[in-house]
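Each of the next two complexes has chain A plus one other chain: chain B in the first, chain C in the second.
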Partner chain A sequence: MNMLMLLLRNLARGPSTDAFPFGDTFTPERLRGRIRFDPELCTGCRLCAHVCAGDAIHFDETDEGLRFTLWHNTCTFCGLCEHYCQTKAIHLTDDWHLAHLQQDKYAMIEQGVVAPAACAGCGCRMTAPVPALTALAYRAGNRRIEHLQTLCPDCRRKAGVTGGRS
Partner chain B sequence: MSFIARISQRSPWLYRINAGSCNGCDVELATTACIPRYDVERLGCQYCGSPKHADIVLITGPLTLRVKDKVLRLYEEIPDPKVTVAVGICPISGGVFRNSYAVAGAIDRYLPVDVNVPGCPPRPQAIIEGIAKAIDVWRERL
Partner chain C sequence: MTTYTIPVGPLHVALEEPMYFKVEVNGETVASVDINAGHVHRGVEYLTMQRNFYQNITLTERLCSLCSNSHPTTYCTALETIAGIRIPERAHYLRVIADEIKRVASNLFNVAIMAHIIGFDSLFMHVMETREVAQDVKETIFGNRMDLGANRIGGVRYDLDAKNQDYLSQQMERMKADLAEILDIYRNNAMIALRTVGVGVLPHDKALDYAVVGPVARGSGIAYDVRTKAPYAAYDRLDVPVVTETGGDVRARALVRLREVQVAIDLIQQCLRDMPDGPIAIGGLPRIPAGEAIAKSEAPRGELIYYLRTDGSDKPERLKWRVPSYMNWDALHVMMEGNRISDIPLIVNSIDPCISCTER
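What follows is the complex of A and B.
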């Protein structure tokens, strides 16, 4: 009797096979897939490249600014980069459609250029701290902190010693 | 198109080579084949035990030096035309084992790869997607 009930229930339920690739499939809410990079939020601390297990993240200096490159073909999707990114410039989306033909192998990258800023003190090129980072470090900003943000590390050090009376 | 080519394009047989994999991708391949939820045989595929019967080769693992010669020998035994699928980031680029003294590195240095399925390991649906792409390549080759 029990088996009959089970049979009837399975008959009513229909096939349990996922319709993919002929139809839709489910995606778990916290699936770690294709990585997105937001250069607006990146401060160029390079912690993501440091913690990357697969050595998938590389930074290099270009004329346009600091360039972030991530190659999905050596990324383990562990999510450490997102975990350690203080400003959440790196985000792992739930897009898992990553299978590709061999000719696209080196096109499977995520790239972004962090625009450089000019130092308010000496005018040199630098990667400016983003507001999200200072909001984390100092809950309420003040005018001095806002001023220090516009300076390069050397000028900031000088300003720190002289108390901002440079 | 000959009769045999016409019928064989509907049933490419799969063959799996473990080139020093950690077994993560192999478990996902077994899941894709054996669990009714994913059931790769809907695509007309079937796993076969002999390289002589294979049409689509699924390679996992970073190609360790210990298995390199064996993998290349096995690959030679598979009759042409064949389609090669690299499953997981290890055969594609070496993955986390890249630059290791014990690993020969990316598999496309030694074999012609057609489809890559990145992931560590890729989820069963991603593997099915890769196999579907491989079947398209397979149809063009026949």
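What follows is the complex of A and C.
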């Protein structure tokens, strides 16, 4: 095709660029953007921190519970954390509005605290297994599994030996 | 006539990445060239040995932007060879789709830059606009315009549902007509021919001597393509025509790249047609025993080789890769001699050098 004809055709078609910021721009559903963490679903297995190439994910124990911190400025948005998270406590949203002022750079984090539970057996503080995980492991639960969920690992082992009569 | 030396680079308006060329010139003509590399060495090979196998999926993907998917695919293949993992059939096809979409975008980018160097910016914009279809496909299916994040150890981590398959198929179909027009322009436009025909010639015998790979080899008539010579993923089940041109000049290499975009689109459509249902990855987290493996793939720039040695821990003991640009840039000595100074950027661009993955 003649180059001039092609240019005329492109001229008639009008601009191809999005009107952003004055209009909407192309944002597909699967876009890997700002990370959201749901502490209700987190089991504290820390696999997300293990697979994170940039070391953007940190866990630390606080009085309130296990604290998850993700630094958006260190994150590469590769999505491995979401992929390997069994209960999908981490989700990459399609929100790509991550531009911020220099003074806000330390606030570009996603944080959440996984509340501890008390063991029904000995009363010690523990990270409770979340229903989403037991649903994955056992599909249909039963009363014995529901009971074991309320126990810490030590009490669970005891309950296993004694056949659940704790 | 007196000869004198002019430096091109390492920072130069016509170079996309830092590279230092010491060019001996006779008037306007290049007499010889000395290439000095190492300006973007970042120690990534060492870094991979400090990171575990999962982190390295992401790290290898960020070696290079244009062939980013070839790196983790080849890396995962090497790991799977060591661990004796057989990945599901559907994952093989999905890996081909991811690789070929990247090839479409990478090759179109290079031929667009060629037009830009010539000063033919209206063509540059037009090719980039066509490439934008591939960019939108990547963003829609994988979630990012450059780094697809398609791979995991033991398979892939994206799937195509019916809606996405339709979308992908439509977009590939949409590119075909534009691509035929672009190919026609690169073949027949007088301005393109004036700047590219007979420029930067790499004759067939020299191409063999320098062991060049990828579109550079195929532009000089060497029908070498890893996808057919040593098929990986699903390539042995697909019909992969090897594109060659005989000119050995800048235009021949551009034509190979454009025709390979057509082949890539055809391969994606073959995959969509033949892809079986089933799982996309093995379950669980595999244990990687001690061992070593070599994996190869055909990246957009040519043959990419990964060597991986493990010692039973969760980190590589050694990870080394040989990238196609390493073989190709030495051939610049042959290509540049006898050409004009003004053609230097054009010839450098014609080997599509990826300096970031060569110097890592």
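In the analysis below, the second predicted complex is superposed on the first by the 152 of 166 C-alpha atoms of A that agree within 3 Å, B and C clash if a C-alpha of one lies under 4 Å from a C-alpha of the other, contacts with A are read in each partner's own complex, and residues count from 1 in each chain.
Note that contacts are C-beta pairs under 8 Å (C-beta built on N, C-alpha and C of every residue); 3 or more make two chains touch, one makes a residue touch a chain.
None of the values given here were measured: they were computed from a predicted structure.
In the superposition on chain A, contact of A:T93 is made with neither chain B nor chain C. In the superposed pair of complexes, A:Q111 makes contact with neither chain B nor chain C.
By the touch criterion defined above, A:H72 lies against chain B but remains apart from chain C after alignment on the C-alpha atoms of chain A. Touch criterion met: A:A53 reaches chain B and chain C at once. Contact with chain B, but none with chain C, is seen for A:P21 once the two complexes are overlaid on the shared chain. Legend: residue contacts after superposition of the two complexes on their common chain; A:L101 is shown touching chain B, with no touch to chain C. In the superposed model, A:L80 lies in contact with chain C only, and not with chain B.
Common to the chain B-facing and chain C-facing surfaces of chain A are residues 16, 31, 53-54, 76-78. The residues of chain B lying in touch with chain A in their complex are 36-39, 42-43, 89, 92-96, 98, 108, 112-120, 122-123, 125-130, 132-133, 137. Across the interface of their complex, chain A is touched by residues 51-52, 54-59, 61-62, 122-123, 126, 129, 132, 136, 139-144, 147, 149, 152, 157, 181, 184-185, 189 of chain C. Chain contact summary for the complex, chain A toward chain C: residues 1, 3, 6-7, 10, 16, 26, 28-32, 50-54, 76-80, 83-84, 92. Here chain A touches chain B in the complex through residues 15-18, 20-22, 25, 31, 53-55, 71-78, 96-102, 105, 108, going by the rule given at the top.
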